[in-house]
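Just so it is clear, A, B, C and D label the chains in written order, and each chain counts residues from 1 on its own.
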Amino acid sequence: MSVLEVAALRIAAGMREVVRDLSFTVAEGETLALVGESGSGKSATARAVIGLLPPGLRQSGGRIAFAGQGLSALSPARLRALRGPGMGMVFQEPMTSLNPAQRIGAQMEEGLALHRTLDARSRRQACIAMLERVGITDPERRLQAFPHEFSGGMRQRIMLASVMLLRPRLLIADEPTTALDTLTQAEVLSLMKELAREQGSAILLITHDLGLVARHADRALVMQAGQAVEEGAAAPLLAAPRQPYTQALVAALPRRGPSRALPQAAPLIEARDLSVAYPGRGGWFRRAAPMQAVQGVSLSIHPGEVVALVGGSGSGKTTLGRAMLRLLPASGGSLLFRGQDVTASTGPALLDFRLACQIVFQDPYSSLDPRMRVRDIVAEPLRLPAGMPIPERQRRAEAMLAEVGLGGLGDRYPHALSGGQRQRVAIARALVRNPAFVVADEAVSALDATVRKQVIALLRDQQRKRGFACLFVTHDLGVVEEIADRVVVMQSGRIVEEGPRDQVLDAPAHDYTRALLDASLRLPATA
Amino acid sequence: MRLRLNLVIGGTLMGAVLALAVLALAWTPYDPTRTNLRRRLRPPSADYWLGTDEFGRDVASRLMAGAVTSLGVAAATVLVALAIGIAIGLASGFLRGWVDRVLGAVNDTLLAFPGILLALGLLAVIGPSRSGIVLALGLAYAPTVARVVRGSVLSIREREFVEASRALGNSEAYTLLRHVLPHTAAPVTVLATSLFGWVILSESALSFLGLGVPPPAATWGNMLASARPFMQEAPLLSIAPGALIAICLLGANLLGDALRDLLDPRDGA
Amino acid sequence: MSRATAPGPWTRHAPGACGSFAEVALYVLKRLLAAIPTLLLVAASVFFLMRLIPGDPALLVLGDAATPEAIADLRASMGLDRTLPVQFALWLSQLLGGDLGFSITSGEAVGPLILDRFGVTAAIVLAAVAIAVLLAVPAGMLAAWKQGSWGDIAAVSLATLLLSIPSFWLGLILLLVFGLKLGWVPVVGYVTFAENPWAALHYILLPIATLALVEIGVLIRMARASTIEVLRLDYIAHARAKGVPESRVLLRHAFPNAFAPTLTLVGLVLGNLLGGIAVIETVFTLPGLGRLLVDAIFARDYPVIQGVMLFIALVYVSVNLAVDLLYPVFDPRVAAE
Amino acid sequence: QDLLRIRMNADIRSTDPGVNRDANTDGIAWHIVEGLVALRDDATVAQMLAERVDVSPDGLTYTFPLRAGVRFHNGQALTSADVAFAMQRYMRRETNWRCRADLDSAATRLTAVETPDDRTVVMRLEKPSALFLTILARPDCGQAGIWHRDSLNADGSWRAPIGTGPFRLGEWRRGQFVELTRFADYAALPGEPTGLAGNKTPLVERVRFTIIPDEAASRAALIAGNIDILPDARSRDLPDLRARPGFSVHSAPSMDLQTVLMQTRDPLLQDVRMRRAIALALDVPELVRAVSEGGSRPSRSPIPPGSAFNTPAMLEVPPRDLAQARRLAQEAGYRGQKLRIITTRRYEAFYEIAVVVQDMLKEAGIESELEVLEWATQLDRYSRGDYQMMAFGFSARLDPSLSFEMFTGPKATQPRKAWDNPAVQAMLDQTMAEGDPARRRSLFEAMQARLMEEVPIIALYSSTTHGVTPRHVQGYRSWAVDAPRAWGVRIVR
């Protein structure tokens, strides 16, 4: 018997339909994955199921039945009674889905108090047991803590604990781990599956990550623009997609590119024993110890080489990347560019260094000034070195835009572009001055799988064509496979492993690298 | 729906007051400072639409002239407050470190001052005049502007395009002016609108205490102040300028709300 | 003259409500020490600014019939014949001894004078803000909860309207209607609470109502805006997804989080009211701190001006400190920083 | 029930008579302490604590036999030693008595206070003075009030007044009120009350002077029954108050002087033709009518109309002559420059005078603008002589010499003086020493003539005091000074 039945669901945002004629069922104990690109209506569907559509969206048709019971017929009170023990929901953003002003004990107990007739003591016991179950140590004391005292992964686990405490028959998880780093992501998802299995809950898992689907889902439903395109058992569906859209999604999964032999040359840029520290918070009486984000890292990058810098969240990747561009001051060690020490250079020397180096940031939205036209953004680097006349700058910018596939879009503002297009603009800006060295800090992490594929291709092509060296910061090993010549693994501010790509990926020497590799989700077919 | 209503009502109110001021520049029924001691405190009539004040001056004409003064003073004050506040806010937000700390201390000092004292002190030193009021109130409100600007600079400077500009080798000054400053426009516009209302209010409050734009020039504030003794026998004298102040404030507040909604990035993008 | 607006004070990091007593005490001490430069700056600028202003207290006392000899005598007895830096140093050293000096017009000790007048002002301001908070915060939250409903539109319109009425004008009209026309409350005067609480209430009713009405406008809007902000967040949806009833969602989940920013505003409002209260005290002829300051300014009573200014600055700092200390109760995240 | 509530526009400065004072302070002081002599309603001097005053023929020795049966509020009998003690304190420089300089000046110098016996006080002057007794009686000198020595602290500083007056000091709550209580053992003079002299029997148990700074609020308080005497209603409120049943208005001419001052050192105004042009441009009767709401008469002399020295010639108002004004201005080289008229809103009359003057000058083609200053600033500018024109008011001077002296003097040493003319100064000095009223009068007439010729100031009028009381208050009268008198007043319900 199915726990959830959705028939001909329609959801409208004003006059626009964002979900059209969607039907599916979730059987007892089953995990159904809802897959699709951003904006395809996955969250809207999930919210409709639990009856909590945000203002602006409304269900304009169709029927949703939980355990055979139509939801639209229920009174608000009955519906409320159903939420929690019937349907539980885990949200995407661990940072905002717990009430910051309430102790987590109180938040966890709340559901129990509402839906079960337990005394305070047994509620507490249940909470403690559950926290223990999700791997929070010292649960008794931690019940008194506030959410901000936990890391993102812990919060997501607490969230999960508080939902599973009520043993819901259906667990709705809307991208429950996208905000977490690879290692934590894997942990939380496995935990979720395990708990669901123990309690016999069905799961409606929403994701745009095919790796997740392959690993955790029984069945999958692929959505595009509010409609179902394809549905079926997860493994066969991914192995042999029938619909072109699904095929495109699958094709977008990263594949290892050929390894290259690069000519020996003197290092282009070299970090020697580089350390970076963030100053501690100042006070009147004492100053907190500085935070050592990068500690004695030595790394050299040769002309034309693509080095991938991987590591867990907070391991110091971004810090190292920025320090190598002198966007952050080094607290120790030195930085050499073409053999020249540039660790502390200023004025013209610094400008020369700046002119030769560039950076592409993770967030395609925030790295572009929203008040400048795309053409001006791309032309801006040409201000320096001074001397190029403005029409010439504009012409070059147009040419560069055409090269990244944005010909004719120069008059637009960033907000009028898609995420992928924006990232192309950022790449064009970085490359227009023909830099010798580019740092790409998670340059594709924020993009949809299909778009990511295209942007990686663009970067790779440009790299091959222009021959700049590149430090590619990422936590996504798939990307590494596609583009890197060499891999550097960081953990807590130090380099723990370094070597040619194939060697590091196929025969990891360090435990941490192995853990990273295990956690990264790759389709069985390509693994 | 609410947004448009705010815009329409706020715009209409402000527009009407503005139109009144523009008209007053060209024409008023009578000379607003012309006294006529034989016609003091007349009730409204066909000749004097809103009656006359204690010097026999035409109230309607004075209200119109008052619109010019009040709006002019408010606009100039807002500009002064913005100029000072933006400079301080930009500097302390962007440079941080000791600059921020020093400016923060000065700012806190100014905020801890009752505006009246600041205004009085400056007015007495500069001499009571429109420019005195403008400078005094401008200084009094600059810290508020500085705080808002600093706040938005702090959030903008964390955005990556600022860092990108640096990475391009652009100087700090260029980055500040080209990439940071324009982004304070939205919060500052909203603030400026509210500020406009507050300044009109403050100017009238200062006039009420006898420190405002010096008479016989008409401002709503000093009209209200001089009407106060006649509250009972000529209530219209106090009601009319008070109502105009309220209308102006309401307009500014509604416009401010509308602008806030318009410029909210959540709905804008 | 509300200068209150958007973001909170320049810096904000307080020890948690959960911090130990010693931690909190240390923090309070630190904050008060940190305020010393500000207070000194206030003191110095007031001192020298006031002396830049033309006008001579001796002349004011003696009036139009003052002879040069009489003025010189009086100035000497007021201690105004010494050079400015000497006067400032003297005043500062007195201040360190906890002595604010004596009014040069009335000869009263400034410290007790300020405390005496502050009673009236504090009673009015605190009562007004308390009433405003009690009425406006629930109203604003309900409006946010029913965003877009007629009730919401009515609340916002009312708030905007209240916000747009000059307080002194409102005060005058209230005085006219309730004092003169209806005769419900006395028109002038003041009795302290110690003397006769019931009568005292009558005297400060209208001033409180005036201030409260205006602040209600500010606070409704603030409470509504921050509640709307909070209601958009996932944890509200999470609470609802747990089947929590709406009343509890509002009270337990939305309120504490929405109240935190409002609290900051309340702090600012309190500070500003202290500065801007002079107008209200003038309208209602109350012997409060604002009136004392304005009168002292008009009389060039330097010790009183300096004392009041310093006191107001201190109150401003303390109120913001209190807000900061209270803040973690509503938003424990702040404590972490 | 037996509480009389009187409006006071500001708090008093102290209870120390004539020392740390202003008009309100004087007004409280004269209920508590009395001097040897006191002023009558017409500003002449009468005996008070002195039985009478005997002046020696050479005018140098004043003998004051004290009245019998006068007691201080603490029950002690008044003796000549008390008088000497108080006078010595007044004459010490550190005391800062308002009138010490007046009794130590070229015109009047007190050289000795003697007490030949318990009941007699003798005072000696360096040379004869027409002003001596007036100074002793002046309210702003605290009437040289006599208080018991227990009014001082052990260290000689002032504590609280223990006087002989009809009321004793009750409670002074700063910023709120000053309360006086009836002195049961008051030794009243027979007859009627007049000025600060005559029969001053207190008829109410308590008098409370309630501080209400605001004019409108004061009137409201009167109407609402929160006060019993409004001693200084604004003239513009009178029509309304008169129309109300149950209120009576008590008007009395006052001895102050409202003027327009002109700086005779100003490049433009130093030309007497320009000053005359300005005077001619003003329609003084119209101006006075407007500003005082018809309550006061114009007067072009500094000597107030109520004074015995005011002659019909002084009341004569030259008619307005716009054509002549234009011509004179033209001759003086006036070419449309803007004159600056300083005024303040602290005193409504100053402001109104300035507004009307500006308007009237405009009709004569003389442009001007107002500089509205805060009072402290205006006073500062006045005392430095830093003005072109100024609407200004002088408080009551109770002697005609002083009425001229208040604006006459050398600018070099006293920049505040408007009229700097050595010849006039000599005449003024003469009036101060001259004992014969007829000779004084002719001197004043001569000075008045020169004043009208040289126009350093334009005297406009002396104002009128309007006290208002509800019907249940009986026996209240306004007088030449704004501050009220609570003796002789009773409440009848």
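Annotations for the structure displayed:
What we mean here is this: a contact is a pair of C-beta atoms (placed from the backbone, for glycine too) under 8 Å apart; a residue touches a chain by one contact, two chains touch by 3 or more.
By chain, with names taken from UniProt: A = ABC transporter ATP-binding protein; B, C = ABC transporter permease.
Treat the numbers as computed from the prediction; the structure is a model and nothing was measured.
The chain pair with the larger count of C-beta pairs in contact, out of B-C and B-D, is B-C.
Per-chain CA centroids place chain B (ABC transporter permease) at a distance of 22 Å from chain C (ABC transporter permease). One simple way to say how far apart two chains are is to compare their mean CA positions; for chain B (ABC transporter permease) and chain D this gives 44 Å. Once the centre of each chain is set as its mean CA position, chain C (ABC transporter permease) and chain D turn out to be 41 Å apart. Rounded to a whole number, the gap between the C-alpha centres of chain A and chain D is 86 angstrom. Residues of chain A in contact with two or more other chains: none. Annotation for chain B (ABC transporter permease): residues touching 2 or more other chains are 120, 124, 228, 231-232. The residues of chain D that reach two or more other chains are 346, 374, 377, listed in rising order.
Applying the touch criterion to all chain pairs gives A-B, A-C, B-C, B-D, C-D. Chain A meets chain B (ABC transporter permease) in the complex at residues 322, 325, 327, 350-351, 354-355, 357-359, 361-363, 366-371, 380-381, 383-384, 415, 426, 429. On the side of chain B (ABC transporter permease), the complex with chain C (ABC transporter permease) involves touching residues 1-2, 104-109, 111-117, 120-121, 124-125, 140-141, 143-144, 147-148, 150-151, 187, 191, 194, 197-198, 201-202, 204-205, 208-209, 224, 228, 231-232, 235, 238, 242, 245-247, 249-250, 253-254, 257.
Residue ranges of chain A in contact with chain C (ABC transporter permease), taken from their complex: 47, 50, 52, 54-55, 80-85, 87-89, 91-93, 96-102, 110-111, 114-115, 146, 148-149, 159, 162-163, 166, 283-285. Within the complex formed with chain B (ABC transporter permease), the chain C (ABC transporter permease) residues making contact are 1-3, 5-7, 9-11, 37-38, 41-42, 45-46, 49-50, 52-55, 148, 153, 156, 160-161, 163-166, 168-169, 172-173, 176, 180, 271, 274-276, 278-279, 282, 290, 293-294, 297, 305, 309, 312-313, 316-317. Across the complex, chain C (ABC transporter permease) meets chain D through its residues 53-56, 59-71, 73-74, 77, 105-108, 113, 116-117, 175, 179-180, 183, 186-190, 282-283, 285, 287, 291-292, 295, 298-300.
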